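Dropping the structures in below, format is structure tokens.
Both of the next two complexes hold chain A, though its partner changes from chain B to chain C.
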Partner chain A sequence: MNIAPARGSRILLAAIPFFLIVVVYIIGSAERRAANPDDKLLPPISEMAETSKRLATEPDRRSGEYVLWTDTTASLQRLLLGLGISTLIGLSFGLTVGLLPIAGASFGTIVAVISMIPPMAVLPILFIVFGLGELSKVMLIIIGVAPCLVRDISIEVQGLPREQMVKAQTLGASTWQVAIRVVLPQIMPRLIKSVRLMLGPAFLFLISAEAIAADVGLGYRIFLVRRYLSMDVILPYVAWITLLAFALDMLLGLFARKVFPWAYVEEPR
Partner chain B sequence: MKRLFSLAAAFAIGLSTITAVSAAPKKEFNIAWSIYVGWMPWPYAAETGIVKKWADKYGITIKVTQINDYVESVNQYTAGKFDGVTVTNMDALTIPAAGGVDTTAIIMGDYSNGNDGVVLKKGKTLADIKGQKINLVELSVSHYLLVRGLSTVKLSEKDIKTVNTSDADIVGAAKSPDTTAIVTWNPQLLEVKANPGATLVYDSSKIPGEIEDLLVINTETLKDNPNLGKALVGIWYETIALMKDQSDKGKAAREAMAKLSGTDLAGFESQLKTTAMYYTPKEAVAFMTGAELPKIMDQVRGFCFEHNLLGEKVKSKDAVGIMTPTKTLGSSKNVKLRFDASYMTMAAEGKL
Partner chain C sequence: MSALSFRNVWVEYGSQIVLERINIEIASGSFVSVVGPSGAGKSTFLRLILGQERPSQGAVLLDGEPFPAEPGPDRGIVFQRYSVFPHLTVLGNVLVSHEFEQRPFTARLFGAARRRAIEKSEAMIESVGLAEHRDKYPSALSGGMQQRLAIAQALARRPRVLLLDEPFGALDPGTRTQMHALIKPLWRDLKMTIVMVTHDIREAFGLATRLIALDHPRRDPQAQERYGAKITYDLDLTRDGPAPVLGFSKPRPPTANYGSS
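Now for the complex of A and B:
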């Protein structure tokens, strides 16, 4: 554990698994193509590149839209709305539940219980209550993400040293001032970390909601072309979603390091 | 670096030997089915030993496997995991045939005669659909039915908006107040129709014979093993004779099939009413060798081409050839979907 790779070899080491995956894919694809030139299951990379180019740069034959971009905008809008509202709920409720014993006693258990409900299981109920439009998709993300954030933040608040609050109070701070000046700054880095971890589940809920009822979106497109096994559309879309999630995660990480450098003092790099 | 490449190469070679299993003469065959009223004879036949009886007669083994998701069953067949699958004529064209898997339909089981329908919550006739948002499984037979319906009231797809909705959730979706129009198939159609204020404005009985339920087999496998075709046709007609039977024996068979499809006898029989079964091989052969079939397949392939279902790069509806006993549509060099009535003819003539 004392041998650390240098910068150059670290990049190489990181690239090896990707390289292996690509090699395995190319061999599998070539083999299926040799057996059946129309095979759709493992299209060669050249064909996927062509399809991606068409989806991104040419208007669709029927609707006249640039499919990839309209799908991406629609999905990102839903995702960011859902995540944003969840973050606000997580922060405000988490802080209240964690800081005020009365709130903790009355809402702590219900939040813990709600966060255990698998959101996919209540989908039919969501559809009936919120309809099939944008609202139900955003709600699914919120129901899946917000309770976990509330729990995480409230536990973090409860873990803050009790002495800090006592000290602030002896200096004359009100409950409000303790919340805003003592607790809030200390939980912000944790909030961003939790949101980063919830990006995966948020995407999962988004794609599931879009698979079930939608007319535009990344998940909609994947589940639509699945009907005729268009892997040359599905695989680039999967790669694109992965890239989007990775970029969002990285942006949040950079933002947190920039704004709360004190929280990252202990971290290597 | 060099070592890395040799490692990768060794890994790749290992992988390719795993995937390239040589094709020994086959004795074992796998057929996939999914729940639909017209396909329930398959699990019943497997359960009661009819499958084994016919397979033994021809010295082969046939395994009948249920796949919970219809599209997935057809995809698995296309990927080569199954030798045959129960499928509609349209999906046989767009999934395996357009994917280059040469496919032969050996059994014409039935056609939908009201099993697929358009339901409006606001409006009493199909023309009222104009401007509405319609929930359906896009690019499926529901979509085909909708387009055929629209053409009868001088509307086109531009006059409506479609929302892709999973068939598993369409019953719940129909209950939502902002859902006003639904296209779906049975058993979901029965539930959707039962909503207060809902009216069935168009159904597949208006386009008889256009939504067909088939059993298809990989053409190459069938060519190498004609006994498979004979055994399957034998199984089919023995089982559906039981299904039609009005005595207690037939009732017991229908009850078992109803149970297998997750409904009861009454529900199953009401679905059977809207399914035009070809109970005898003679009727099925007559339809498959008739002049209607090429016309129907021409309609279907036109729809598929207009919706890019034959592939994004395909320039004309002729790209994928369809061979019926009377006529070949499209490219005769690239025939990928065949209708072969010869096995059903053997059944009709009692030569199995």
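Now for the complex of A and C:
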């Protein structure tokens, strides 16, 4: 427990599990191919690379689009729109509910109840009300993510020491000034942390919505080619989605560290 | 001017009486320390002056006027902990009170107004000896330095009354002595009234011009909560005190009720 790896060996150690997964996959794939040359379940890496290259760099024969990129932009647009709006809702409502006892008494319970609604259960309603277009997919992400953010932020606001609110008032601050100068900056690191944690659910809602009704998108594509057992498309797509989620998560983390250095002084890394 | 008067103040939480029949006049410019065992209502006494709490009966007056029942800029406070804002630098912590004052909506200053406010804040930071730390965040400061910053911050708006809630309780003895040496001249220069709650009897006698002890003079073993704390001692400490106190009222004889204890 007291042996900590240095920076170089840390990277090496982090790479080992990935390397092991790749090795196991290659062995498994080769075994299956040896048994059955037409096997589709574990396509060799070379085949997947070939397919990915085709999807990314060659226009589709029918639509003339670069499939991977149109899917990615469509999905990311929905995801970022949904997450962005959820963040705004989470921040404004969470701050109000947490800071003002009147707002907490009026909206605290309803938010707690709404956040318990399984978002996938209301998806049919969304499709009926908002149609099958972009709006219903963005709404699904908002319904799934925003209530959790509101709750998390309001709890965080209530957790701020009472002394700070009193102190700010003795310095002449009004409720509005306390909200923007004392509470808002102090909950921003937490907000980013929560959004990072909500990336996973947001992707889940996005891909589910796309799988059910869409004509473009990462989720749509993998559920489309599922019918042909095209593991050579599905696996790279899954890897690509994972990479996107991981990159978003890392960017948010770096951003928080850069902008709110005071919140991370006590953390060693 | 900043005289405080308590007129027959009672504080009750439901059936529990915390403070009963508190009558005291605190002259402008006095340094009052409040001592007493835990649970004797010292913090409640302070919160009454702060406006964080209302008396169940009676009134607390500042210069003969009742004040709004919420904390305001005429009464500053230094808590034992959580007194400074962790997301602002030393300079920002002091500057923010000027920003609250001058910009009701944005609470941010820019340009010349900001430079003027920075100058004022820097003078304040200098006077508590934190000049070389002005760009550090509170987490990088020691406990003593954080309390200095809290004092500078509380004094930035020149409150009429400064409340200290066990401000040096968490500091080591050496640092505490330094803080005593810091607070006394500030109090003398700014001519404000200070009310300090403390557990340290030496500190209470050493700094203050007047000492108030709160305690429960009567206890009912069957219903402990039915008797509140009163002022059991009220001592004038100015006779050998180095600081002259303007308009200081002579202490009343200690409240006579010593009860059964």
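By our rule, the second predicted complex is superposed on the first by the 269 of 269 C-alpha atoms of A that agree within 3 Å, B and C clash if a C-alpha of one lies under 4 Å from a C-alpha of the other, contacts with A are read in each partner's own complex, and residues count from 1 in each chain.
Rule of thumb we're sticking to: contacts are C-beta pairs under 8 Å (C-beta built on N, C-alpha and C of every residue); 3 or more make two chains touch, one makes a residue touch a chain.
Because the structure is a prediction, the values reported are computed rather than measured.
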| item | value |
| --- | --- |
| First (chain B), second (chain C), both or neither touched by A:Ala239 | neither |
| Partner chain in contact with A:Val182 - chain B first, chain C second, else both or neither | second |
| Touched partner set for A:Met116, first chain B, second chain C, both or neither | neither |
| Touched partner set for A:Phe223, first chain B, second chain C, both or neither | first |
| Chain A residues touched - chain C or chain B, whichever exceeds | B |
| Which superposed partner A:Val259 touches (first chain B, second chain C, both, neither) | neither |
| Touched partner set for A:Phe19, first chain B, second chain C, both or neither | first |
| First (chain B), second (chain C), both or neither touched by A:Ala211 | first |
| Chain A residues contacted in one complex by chain B, in the other by chain C | none |
| Chain C-touching residues of chain A, taken from the complex the two chains share | 161, 163-164, 166-174, 176-177, 180-182, 185-186, 260-263, 265-266 |
| Sites on chain B touched by chain A in the complex | 4, 8, 11-12, 15-16, 19-20, 71, 75, 78-79, 94-95, 98-101, 135, 137-140, 161-166, 168-169, 172-173, 175-179, 307-309, 312, 336 |
| Interfacial residue positions of chain C with respect to chain A in the complex | 50, 52, 70-73, 75-77, 79, 81-87, 96-97, 99-101, 104-108, 137, 139-140, 153-154, 156-157, 159 |
| Chain A residues within the chain B interface of the complex | 16, 19-20, 23-24, 27-28, 31, 36-41, 51, 54, 61-62, 123-124, 127-128, 131-133, 211-215, 220, 223-224, 226-230, 232 |
